[in-house]
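Handing you a structure now.
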Amino acid sequence: MSEQWLFTIAFFAWLVGAAAFVLGLHLMNSPASARKGNQLSASGMAVAIFTTLAYYALRGEGLSIEAWVIIIVGLVIGGGLGLVMAKRVKMTAMPQLVSLFNAVGGGAAALIAIFDYMHVAGTEKETLSTAVFVVLGVVIGCITFTGSIVASGKLQGLISGAPIKVPGGQMTTVALGLITAVGTIILILSAYGAPLEGIGTGVKLGILLAITIAGCVFGITMVLPIGGADMPVVISLLNSFTGTAAAMSGFVLNNPVLIIAGALVGASGGILTKLMADAMNRSIMNIMVGGFGGGDAAAGAGAAAGGGGSVREVGVDDAAIQMAYAQKVIVVPGYGLAVAQAQHAVRELAEILEARGVEVSYAIHPVAGRMPGHMNVLLAEANVPYPQLKEMEEINPEFSRADVALVVGANDVTNPAARSNPASPIYGMPILDVDQAKSVVVIKRSMGRGYAGIDNELYTDPKTGMLFADAKAGLESLAAAVKAL
Amino acid sequence: MSEQWLFTIAFFAWLVGAAAFVLGLHLMNSPASARKGNQLSASGMAVAIFTTLAYYALRGEGLSIEAWVIIIVGLVIGGGLGLVMAKRVKMTAMPQLVSLFNAVGGGAAALIAIFDYMHVAGTEKETLSTAVFVVLGVVIGCITFTGSIVASGKLQGLISGAPIKVPGGQMTTVALGLITAVGTIILILSAYGAPLEGIGTGVKLGILLAITIAGCVFGITMVLPIGGADMPVVISLLNSFTGTAAAMSGFVLNNPVLIIAGALVGASGGILTKLMADAMNRSIMNIMVGGFGGGDAAAGAGAAAGGGGSVREVGVDDAAIQMAYAQKVIVVPGYGLAVAQAQHAVRELAEILEARGVEVSYAIHPVAGRMPGHMNVLLAEANVPYPQLKEMEEINPEFSRADVALVVGANDVTNPAARSNPASPIYGMPILDVDQAKSVVVIKRSMGRGYAGIDNELYTDPKTGMLFADAKAGLESLAAAVKAL
Amino acid sequence: MDTQLLNSLALFVLAILVGFEVISKVPATLHTPLMSGANSIHGIVIVGAIIIAAEASDPLGYVLAFVATVFGAANVVGGYVVTDRMLQMFKKKPVAAKADAPKEA
Amino acid sequence: MDTQLLNSLALFVLAILVGFEVISKVPATLHTPLMSGANSIHGIVIVGAIIIAAEASDPLGYVLAFVATVFGAANVVGGYVVTDRMLQMFKKKPVAAKADAPKEA
């Protein structure tokens, strides 16, 4: 087979892979087809990988023994690590694992760009455009690499979730930016045929190393000042970066599937980041500037702040009676439920209530918890029947017919200030209309604030009873009390 | 400026044009931004045209005087014709005009392919792929050219809207298909370097002529058997064809903006065709096979068929009293309103009723009339206030609160058989819940059937009163009667 | 196939994917204007017509190029103008509405 | 710029447009799985890693290629598996539901 035909076949196969990515993402737009979409996307990846291997193996020179060893051992080790981690990870730790995968993806893109530059520097192939794409690939790849690791560490609790101020702050950013900019300009101007062509290869590689380091440092200083709870948005943004870095390495290597798939992720990741920020009623800029919410530490600090009006406490037995004789109870789970790992406890309580003929449903706010879909994942893990989970739009009109709304570790997503107080930082965010229920029981540990760090007038509403307890312990004692009735 | 730089700039400008088409279509997805989208798309077109002109004028040889004359005179005449027709056309004749524009677009694509083949045939440039794209461009372009003209003629009433059986029917289709297939194979095999390379250029051009004629004939025989009312869907399909033909000529001429814009229209037009067919609860196949509905002629023929149950007629004065003392009247416009050009009459009646304190709104079914959005266009032309136009989903729950539903020349879109009778050809199509209103007044000329050619049990419902009249005359006498009260 | 053709095919495939994705969940009332808008876009054949006009060198070529240019120009200009007129119909009439509102209030 | 680069840029632009269009009106509950799914796709860098492995010829090159391959493979395999696990969570459980239903009825 001629080289050109081999390339033609490979090209078509790469195109098929790229189309599979697009259709896969398309199917992932709706819950019913999402899994099939992910599988289609995975098949596209298999096609792309296999095609690349076959193409380079069958081409003129073929693959050297060393190349085979590197590729096979690399695939086995990397794939094995990925598989084990992905299989072992606890449901709630998934976002930080995704962030780690993101980090290695960005790292790989940076390494590819570096490798390529080392090979072309000083030769005819070192054109202006090569230099541009190499630098972009290295910078973006490095930022994602270290940034994603920091983000993952924050979510895992290895690094404090609170915003960490970087010494020097803006100065550091400016310095790093300068290094990158000057380095880039020199590399571009020293490309083959450009004004500074004479610069030695060693010097150029030194400059690339400096840029690499600057990118890595910048990734760290960019993510450190951002609060832990904003990490899902940051990860999504870095995800989009990695896609772009992959596209850059596609330009460097002149490979269509890298360009298409990279640009696809770059753009869709960007849109997704915007959607996620919108759901929290924040702008991406506002998030990246950092310092918001103060993470959970700040929330703890605000605990003593109490609210204005007077708070009515309710005993476990009183709350149990209220719910046991209700017709309709709506459970509102929030971040506190996730922290306390109380998903099983809440399902047990619901089952006991249902056995008594109470109608129980769950009100799922899109940004309850700390990642989109957090509550769905948690409650699904505890085998809560899917039809009982109601989206915000669906459940809101039902609150007025509910006898009891049981709020478990949720705060911001129930705060009426979002509707009524234009000065509030969450003003305009759609919330669950918990205050429409006939009565409200709130389980949380204290009068502590939530993610947005503001007071919640729901707690001083006369029809609200506060049940101060850890979510899991509180739910378990409620269940016991209902059983004893 | 070097040729390569000129090409680079032109390429970027073409790319900008293509992106403008995509974003323009994106904005056209929602009524609020649709006009801006169309303008963006038009700017993209201006960029693409100007770029092409500038590129060929500045390139090495430049443009000959003849070329300038052809282009400028052609642009002025073609653009002028298009402008005048587009400005003069009556609102209701827009679909047939769109179809005409579609025809000339397809024709242009076919001519381009023919021109190119004439120039490359017998030379080195006549490769396998050129032959394939030329034939595809010619065939698809010709089908659209004649097919769109027939579709336009049917809508305009120049050709009978009734399905016209083509003598020979399937035989003709098979014969045309054979000519095209054999011709294509010969042209491909006789390309430069292929087995039949020896065939003379004259013979090849003769074969291309035969293919051209076959395509043109096929366009006619394809559209003739389809009923006039299905034409909007057919036009949309042919629209998608023209896009594909334009992409083919892009391959022939090796121009990126032609390829991208053509493929874009090919795909989006295809999806749109499917959406339109879905809204009528039909499949594209079913429509293309033709013969459905029988157009309005068949509907007229069915007029005598009457329904089963007994029909209650209502006098103009009775109907006027019912409406004048109602709290809420919902007007249901349909195809008959459009035919009778009764949009101004209906608005006047509504205004008189509103002056008496009656709340009037219009229930707009997505496929009422004969083109999507038909009713919106008509009523907007008559200056009906936009907020009074209610989409089907919005208005359906309101029928039960309406005192009178006034059905004006609508039939199928009110037929309860779509909900209740699985044997009905329109079963499953969402309809307006007119039968939920407290009473119903239907203005139409007879017991004639609608587009689907079936009876409507709404007319024999005891609470329905039939007011047999032409829509315009009936509405005017109603208005007079209300005024006289 | 040569690399240029492969690249063109890749553009073709991607443009098809864009076309599929861009027409998503359109309200039925906009089907006719959208069809008309897409119709204007394939007026891009005018670019092809200009190219063949630049290449034409014999009378038959001139005629083909001229007819193609007239056709393409009619498609482009007519298409955009008629679409704009349609879309004007779908626009809310805020001016008229506002002029009425104060009187009613 | 040479034609190949221009073509690549066109692919890049079109792929960006596809990316914008494909993520439309996603329910918020699917944001995390979608992010994870997009994360797997940029595992396509594994293709780049294979290419540099094929070209590597010195120890430093081997090391870079090897690390890139390991990274890329972890991204791909881990990404798809973790996304699949997430999406499993979002699936209705028809079997369990059906098993319960008859008892209640």
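Per-chain residue numbering starts at 1, and chain names A, B, C and D are given in the order in which the chains are listed.
Keep this in mind: a contact is a pair of C-beta atoms (placed from the backbone, for glycine too) under 8 Å apart; a residue touches a chain by one contact, two chains touch by 3 or more.
The structure displayed is predicted, hence computed values, not measured ones.
With A-C and B-C as the two chain pairs, more C-beta contacts join B-C. Between the CA-based centres of subunit A and subunit B the separation comes to 44 Å, rounded to the whole angstrom.
If you average the Cα atoms of subunit C and of subunit D, the two centres end up 35 Å apart.
With centres defined as mean CA coordinates, subunit C is found 39 Å away from subunit A. Centroids built from CA atoms put subunit C at 14 Å from subunit B. Counting only residues that touch two or more partner chains, subunit A has 18, 22, 26, 256, 260. Counting partners per residue, subunit C has 1, 3-4, 7, 10-11, 13-15, 17-18, 21-22, 24-25 as the residues that reach two or more other chains. Interfaces, counted as pairs of touching chains, are A-C, A-D, B-C, B-D, C-D.
Touching subunit A in their complex are the following residues of subunit D: 1, 4-5, 8, 11-13, 15-20, 22-57, 60-62, 64-93, 96-97, 100. Here subunit D touches subunit B in the complex through residues 1-3, 6-7, 9-10, 13-14, 17, 21, going by the rule given at the top. Within the complex, the subunit B residues that touch subunit C are 18, 21-22, 24-26, 28-31, 34-35, 37-39, 41-42, 45, 48-49, 52-53, 56, 63-64, 66-67, 70-71, 73-83, 85-87, 89, 91, 94-95, 97-98, 100-102, 104-105, 107-109, 111-112, 114-116, 118-119, 129, 232, 235-236, 239-240, 242-243, 245-247, 249-251, 253-272, 275-276, 279, 364, 366-367, 371-374, 376-377, 380-381, 383, 385-387, 391.
Of all the residues in subunit B, the ones that touch subunit D in their complex are 4, 7-8, 11-12, 15, 18-19, 22, 26, 256, 260. Those residues of subunit D that touch subunit C in the shared complex are 3-4, 7-8, 10-11, 14-15, 17-18, 21-22, 24-25.
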